[in-house]
Amino acid sequence: MKKHKIITLGEILMRLSPIRHKRFGQTTEYETYYGGAELNVASSLGNYGMNVSMVSVLPEHDIAEDALMHMRKFGIDTSNVLRKEGRLGLYFVEAPSMQRGGKVIYDRADSAFTQTEVDAFDWDAIFEGATWFHWSGITPAVSESAALITAKALEVAEAKGLKVSMDYNYRAKLWQWGKSHEEVMPALMEKCHVMSGIHPDVDVLNEEVTDLDFALSGKEMMAKYPNCEVVVFSSRGVKSANHHTWAGALFDGKKVYRTKKYELSHIVDRVGGGDAFMAGVIYGLHAFEGDLQQCIDFATAASAFKHGIDGDFNAVRKEEVMQMISSSDFSKVDR
Amino acid sequence: MKKHKIITLGEILMRLSPIRHKRFGQTTEYETYYGGAELNVASSLGNYGMNVSMVSVLPEHDIAEDALMHMRKFGIDTSNVLRKEGRLGLYFVEAPSMQRGGKVIYDRADSAFTQTEVDAFDWDAIFEGATWFHWSGITPAVSESAALITAKALEVAEAKGLKVSMDYNYRAKLWQWGKSHEEVMPALMEKCHVMSGIHPDVDVLNEEVTDLDFALSGKEMMAKYPNCEVVVFSSRGVKSANHHTWAGALFDGKKVYRTKKYELSHIVDRVGGGDAFMAGVIYGLHAFEGDLQQCIDFATAASAFKHGIDGDFNAVRKEEVMQMISSSDFSKVDR
Amino acid sequence: MKKHKIITLGEILMRLSPIRHKRFGQTTEYETYYGGAELNVASSLGNYGMNVSMVSVLPEHDIAEDALMHMRKFGIDTSNVLRKEGRLGLYFVEAPSMQRGGKVIYDRADSAFTQTEVDAFDWDAIFEGATWFHWSGITPAVSESAALITAKALEVAEAKGLKVSMDYNYRAKLWQWGKSHEEVMPALMEKCHVMSGIHPDVDVLNEEVTDLDFALSGKEMMAKYPNCEVVVFSSRGVKSANHHTWAGALFDGKKVYRTKKYELSHIVDRVGGGDAFMAGVIYGLHAFEGDLQQCIDFATAASAFKHGIDGDFNAVRKEEVMQMISSSDFSKVDR
Amino acid sequence: MKKHKIITLGEILMRLSPIRHKRFGQTTEYETYYGGAELNVASSLGNYGMNVSMVSVLPEHDIAEDALMHMRKFGIDTSNVLRKEGRLGLYFVEAPSMQRGGKVIYDRADSAFTQTEVDAFDWDAIFEGATWFHWSGITPAVSESAALITAKALEVAEAKGLKVSMDYNYRAKLWQWGKSHEEVMPALMEKCHVMSGIHPDVDVLNEEVTDLDFALSGKEMMAKYPNCEVVVFSSRGVKSANHHTWAGALFDGKKVYRTKKYELSHIVDRVGGGDAFMAGVIYGLHAFEGDLQQCIDFATAASAFKHGIDGDFNAVRKEEVMQMISSSDFSKVDR
Amino acid sequence: MKKHKIITLGEILMRLSPIRHKRFGQTTEYETYYGGAELNVASSLGNYGMNVSMVSVLPEHDIAEDALMHMRKFGIDTSNVLRKEGRLGLYFVEAPSMQRGGKVIYDRADSAFTQTEVDAFDWDAIFEGATWFHWSGITPAVSESAALITAKALEVAEAKGLKVSMDYNYRAKLWQWGKSHEEVMPALMEKCHVMSGIHPDVDVLNEEVTDLDFALSGKEMMAKYPNCEVVVFSSRGVKSANHHTWAGALFDGKKVYRTKKYELSHIVDRVGGGDAFMAGVIYGLHAFEGDLQQCIDFATAASAFKHGIDGDFNAVRKEEVMQMISSSDFSKVDR
Amino acid sequence: MKKHKIITLGEILMRLSPIRHKRFGQTTEYETYYGGAELNVASSLGNYGMNVSMVSVLPEHDIAEDALMHMRKFGIDTSNVLRKEGRLGLYFVEAPSMQRGGKVIYDRADSAFTQTEVDAFDWDAIFEGATWFHWSGITPAVSESAALITAKALEVAEAKGLKVSMDYNYRAKLWQWGKSHEEVMPALMEKCHVMSGIHPDVDVLNEEVTDLDFALSGKEMMAKYPNCEVVVFSSRGVKSANHHTWAGALFDGKKVYRTKKYELSHIVDRVGGGDAFMAGVIYGLHAFEGDLQQCIDFATAASAFKHGIDGDFNAVRKEEVMQMISSSDFSKVDR
């Protein structure tokens, strides 16, 4: 893999889920994980052995120390994580079961991250030597200052010639600070080269999504955001809470690259699936440089894997992903 | 919802299940729940916000205190629970898995409830201001005195003009005190207005149950028990221990109301499914007064929900049930 | 016990503690409890069988529903708990061990409770039929509106002739909204009849606290707050994190009532000890009306008990407390 | 060790204790153990490598199968355990903590064991080849038939010339079937050779128990029960629920053998301590034949050990007991 | 069942699996089981009530004591287990999930068993009174001495006229000591009468395996190993990690006996499935002597059962297996 | 703190301890930690924010990956950890309780680390830029090649002018490869500057250890090993398994520096106490350069802290240690 240094910007959250898949009203024990869209991407990249640093803000207490240790576990550089008074953002996740969907209770308002001053980060220093910047639509959603920080980061990234990837990650509940995502996002997206695309309006369970569908959607994005070079799509079909289908596509302006469709039955935890996909795209664009087919195959297999793993983080090694792509008989015990 | 006060009569049991779905011979840890057919109904009603009081008997020890606290959690009035020497009825439940069915070891003989004297309850006082009485075929099964208590309660309920609902709940293992259910039940059922019906003898997995099937069965019951106004049916089809189908029907003497058929895959715990159904019927008859379709839809959706929840109790809010009825895409994470 | 109805005002918090007494940096599992100074008092009162209602505010999500169920468990009336948008206050507790003290990370800022409008509660209606009002110094500490709400409640309580008890509960970390406790508390305390007192400045491990010490401290309070009729004191001596001494005293303006000194070794959880004491005082003033010695004996024994129990809540029955007071040989297995 | 075959008679119980030392009202998880005074003795004997068979009765369900597997674990012969319809006796144990004692809720009434017909066992066959019979005062307490079975067993044991040991184990709560222990026990004790003695009426915490005290108590027993050859005593002093003293004594009609006094601090579980002591006596009388000092040292050390172990059963090897007797520095890590 | 005494030879391993199906990199808690191909067979046989003794070697520490207790639980005679210095073989198992296969990390090299001297066992004494000997291809794989011990055992078994069964159990990772399985196994297999066969090279998911396929494969084995009387086959089809098909076949030289095909969905743990099958064959050949159809039905149902049970051991009673064979509606709760 | 880079050499082990302090024969669940004397030192140093790299060898499987992640958590550089075929060393720890000591079962023979070739490490490269080397007597104990590797490392360290610290850590069970520690250690110790000393032969519970005692012992070491500049001593007095005393001393050839004596009651886990002490010494010599009193105070307080924490690793921050040194009232809840 060629020399690189990836910077991500985003909030670090603690997730709490009732132990053994109980409901909120049934549990007195919670399992915790650290998550957040951009941390999930960073964790995957670090876990694949990439050089990655996360820009974020954490409070000054012992649980925040634990979050930092968690990040170091995966080899994420934590020297760009500021510490300041305030709270750690949380979210509570209740697992789905059969006929009922999962539930998320966000408790991230007024976190130390959202309260950070706009000029808290020295982006020139942070981007020194960096080659890639990744962000997602969650950061500009959480507060005005976070939106302004994102804008500032993108400005410097452009000036320094970094490649920029972004995941749209629209969460209606989060846009509360005054402006809407339609007002804020376009200016930010203009500076990006790799984007998650708007999925063609097709019922993936019952209809075939054609290459043309993806190409048209991709073209539209590229028309709107001329810097955009690559648009990626994940196609989820929901048969039940425990059974989805999952496939990926990538459009580079010229050609649509498709993957096989995975049948994801007995799903363990879908949270973080999209982040695993985006991390796979970034990894793939670095590791298989010219080979866009391999890139989207990797991203899709990696995120399929994620659905079988508890927690936000895609606890899977790149060798395992490669093996899943090539293997048809994945279910043998290796002994 | 119009003014109401519901009285249930029944035994309060402690259920013990091996932790993490182990077999009896594999565990040294049990999870406990409080259950029992009528308590399950009362818990659902209280949880839906209804005014409900349970008539029962508990021993005088600390675990019985815990059972009372459990009841109060759901808003069940416990002032009609007598305390007397004796034991708390128990039952042990081993979860099914794949090819093996679930196992229940009853340990409820000689409980304080079954030993209660026939005149222990002052039914006139208990029914003061009450509008509805619910009982099930389990209570007259467990002891002669319990059967006589049920008879006494029904007599006073009739005198006071209460509506009466009942769930047949035939358990062969329980009828040990001398008389058979055929000898005992008919006289009790004569005083009831809402009943669980005898399911048409049709293989629900492979054959269609027609409206006529339900109507004939309902008619037969109404002929036998002239007070009966509503007969409800739940149709379970068993594909495997983990996969059932589930549907409901209601007959009011004139028309058969049917629900959609739920595919219940990845079942977590089927115990209490019938109780959740009956609680849904009672709730529905109160909440959607004239609308019998909505009533049976609610009962069926609520009990479908139950199959995805650990323990006897249907830990689901009425808003969630309503959402399941109306929604087709139930598996989205709400965030 | 004579007829009474007790109203408490305060915030409901969720407490999270690492399972099995791990440190924050060692755990991925937390045990949860509901707590808060006034809820702890209310839970004890409800658990002792008293008629108690809590005035509070909770968010609209499912975990708040669980908190309500928890309150109902102990027989606390929840009809005065408002629901509004916002977050549930949390706090994280790490248990002490040997040479290290316990740690608390508060995460209660900006909770729904602290954001409640000053006129959210109709105190005339709430106090209708009530005989007693209990509050603590934590409520006016958490926000200006909470302080104003407290003031309003006290004004109406006075007008309606309720007895008022209060626990000073000074927490330096909480007074952040602009005014200091010295500015705010005196005006509130003027309306109170039963108070926690300022402990004489004596090293309780090595010196004897005399009756005179307590009497002087009590007199000073009564001079400052002429409505004050009873001042109570708890004397804690800290030998190590696992071993404290514990005693109580009560001054009624005429006489000092003292208790025996408990040796609390092998302490399980000291959090909530003071709340258990104050609940014991309120219970005692009702249950043993004229007998102030029995009152302070009960309060002190109850709170001693609390130190041997996990969580904020004093999970002990009044019969057990009575037994502890009378018994000298408490360690027999009762079989 | 000389050739021997030991027979015990008694009920097999399942014990349920709240996990992690919670109170009954705080737990939804119980840890289970199999116990009962005579089973505890048998388990220790089997665990020490002795040839032991237990005469008992179990129901026919899967949990009873698990109980049998538990017995086989320790090498107890289970061929004398009858199976018949009925229930398994249970008991619930809440651990003590600091100022509060432990609690036991018995739920053993009407068990299969207590309902066994008097002639269910063929004692001639059971005692064929046996050399020793052990029983305790719990068995004749639980039902009339159990008392008659004990009497029958003792009659045949005497006829066949077996040595008989017994533990008085008086439990007031258990004698409910009509006769008192004073009416029943003497006739049974007449046939015994080794007995637990009535402890001298001395405050062991504050006074010295003299050899003469033990000798007088032992003499009195031997006078009453002329077959008695050995009387053993355990001296418990209770400083707090977590801290006891523990010592043993043995009287053979001629001399009193005493042990050192153990300081048992940080007690984990005292239940089964007496059974561990009696098992140690039986083992010692076999293993150190002539050496009565070593016998009582072993029994006392073994039962001291028990206090540091969860559950009824004394999970300790004889080599560990020997090591404790000889060692003064027991707290080294062996590595 | 006719008089028999079965001897097995093999290593006893401790298996460690991350609790709650976590990945290796996600867990700090492991659940342990004792396993190993031949122990799994012995446990099943003991559990079915057969007379079985295991020849093995264990270290001298406390965990090895625990392994012995585990064996005694199922009635396995442990008097032929030698104790010597060395380590206990281990293996770590990560459960499969959806698209990823299970993982096994062997840690059994240099165990006490593999280091045992060739003449450590007195086979004449061990086989005294024995009627059957079972071994598997794992034992000669683990070390040269283990291979020589197997050869010696087979020699004496033949001389004494025992029936011999063997399971091929080829594990590529284990054959490390110098010779290949092709060099070693044939001479050992020559002395066997019941063997696991080489499955016909047919895609069982998509093609029908004919009786002829099995007969040809069986014939070939019998030709190569003239002592062979019975060849058994298990047919596994892998749809996904959670969903297999499973069927059995038996060839006695004259006829092929087939079973129904089980759909094994929601698989809990497939490890030990083959051992459960072989134990079923041995049990069946004893219990249903002439009836080979019942024999293979039992073996196949028993091993189907195993897939729904955590751990290596097939925790199922023979009555449950019989019930599964006869029943079509296995999913009813028995109450 | 001045610029530094610390290198440690040692084996990485996985520790397994029965969950909830059960005995080996009582548990089916183990908690795992990564440990080993030198890793414990490195983890503390990394946790205190120092620049530390560990030289070691790990197998190629997923659990070894997890060990690496664990190391990265604390900021330990893992680029000097070789990967090669073989096993991960393990050890099983049973906690002490009351009268019984802890138990360790080593299972580290034949690990990948012990099998490493002598020239596997390029010490010139490893020590490039390094300032300090730490090793312990465990490494030369485990195999001949490990002893030779240690010797080689020391040779290069001396040539490059690094400061060298060492902990004697004599474990009788480990020296099995042919030579004794008396034969091997002196030549290695000659190159060291900071050493753990041989404790004066004094009963620390009952006698005072004088400054002269420490000075004489230190002098003797310095005479034998002229490079030695600092000798450190920890004084443990064992009152019971749950209660020790703990103090430190440091001798620099001129003066003895002593600490206060800690009473360590309610000990949670003493394993790793000595490693926490040595890490404290190394940290102190860097952080408080000239101030040897502060150095030994820090080391002793840090290791006292360790006794209250589960697992090998001293999960404590340097700020907490500083606080413990200065504070006398450590047991307050910080809120």
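Residue numbering begins at 1 within each chain, and the chains themselves are lettered A, B, C, D, E and F in the order written.
One rule holds in what follows: a contact is a pair of C-beta atoms (placed from the backbone, for glycine too) under 8 Å apart; a residue touches a chain by one contact, two chains touch by 3 or more.
Just so it is clear, the model here is predicted, and its values are computed rather than measured.
Each step here moves to a touching chain, and the least such steps from chain B to chain F number 2. Between chain D and chain F, the least number of touching-chain steps is 1.
Shared residue numbers account for under half of those found at the interface formed by chain A and chain E, and the copies are therefore classed as meeting with different residues. When every chain is reduced to the mean of its CA atoms, the largest separation from chain B belongs to F. Look at where the CA atoms of chain C average out and do the same for chain D: the two points lie 45 Å apart.
Counting partner chains per residue, chain A has residues 20, 23, 25, 28, 62, 65, 69, 103, 266 touching two or more of them.
Taken together, the touching pairs give a contact graph of some other shape, not a line, ring, star or complete one. Chain pairs that touch one another are A-B, A-C, A-E, A-F, B-C, B-D, B-E, C-D, C-F, D-E, D-F, E-F. Remark: chain D residues 20, 262-268, 304-305, 307-311, 315-316, 320, 324, 329-335 touch chain F in the complex. Chain contact summary for the complex, chain F toward chain E: residues 16, 19, 23-25, 27-33, 61-63, 65-66, 69, 87-88, 90, 92, 94, 103, 105, 107, 109-110.
Interface of chain B with chain E (complex): residues 20, 22-23, 25-26, 96-104, 106, 171, 173, 238, 240-244, 266, 270-271. Chain A meets chain F in the complex at residues 62, 65, 69-70, 72-75, 317.
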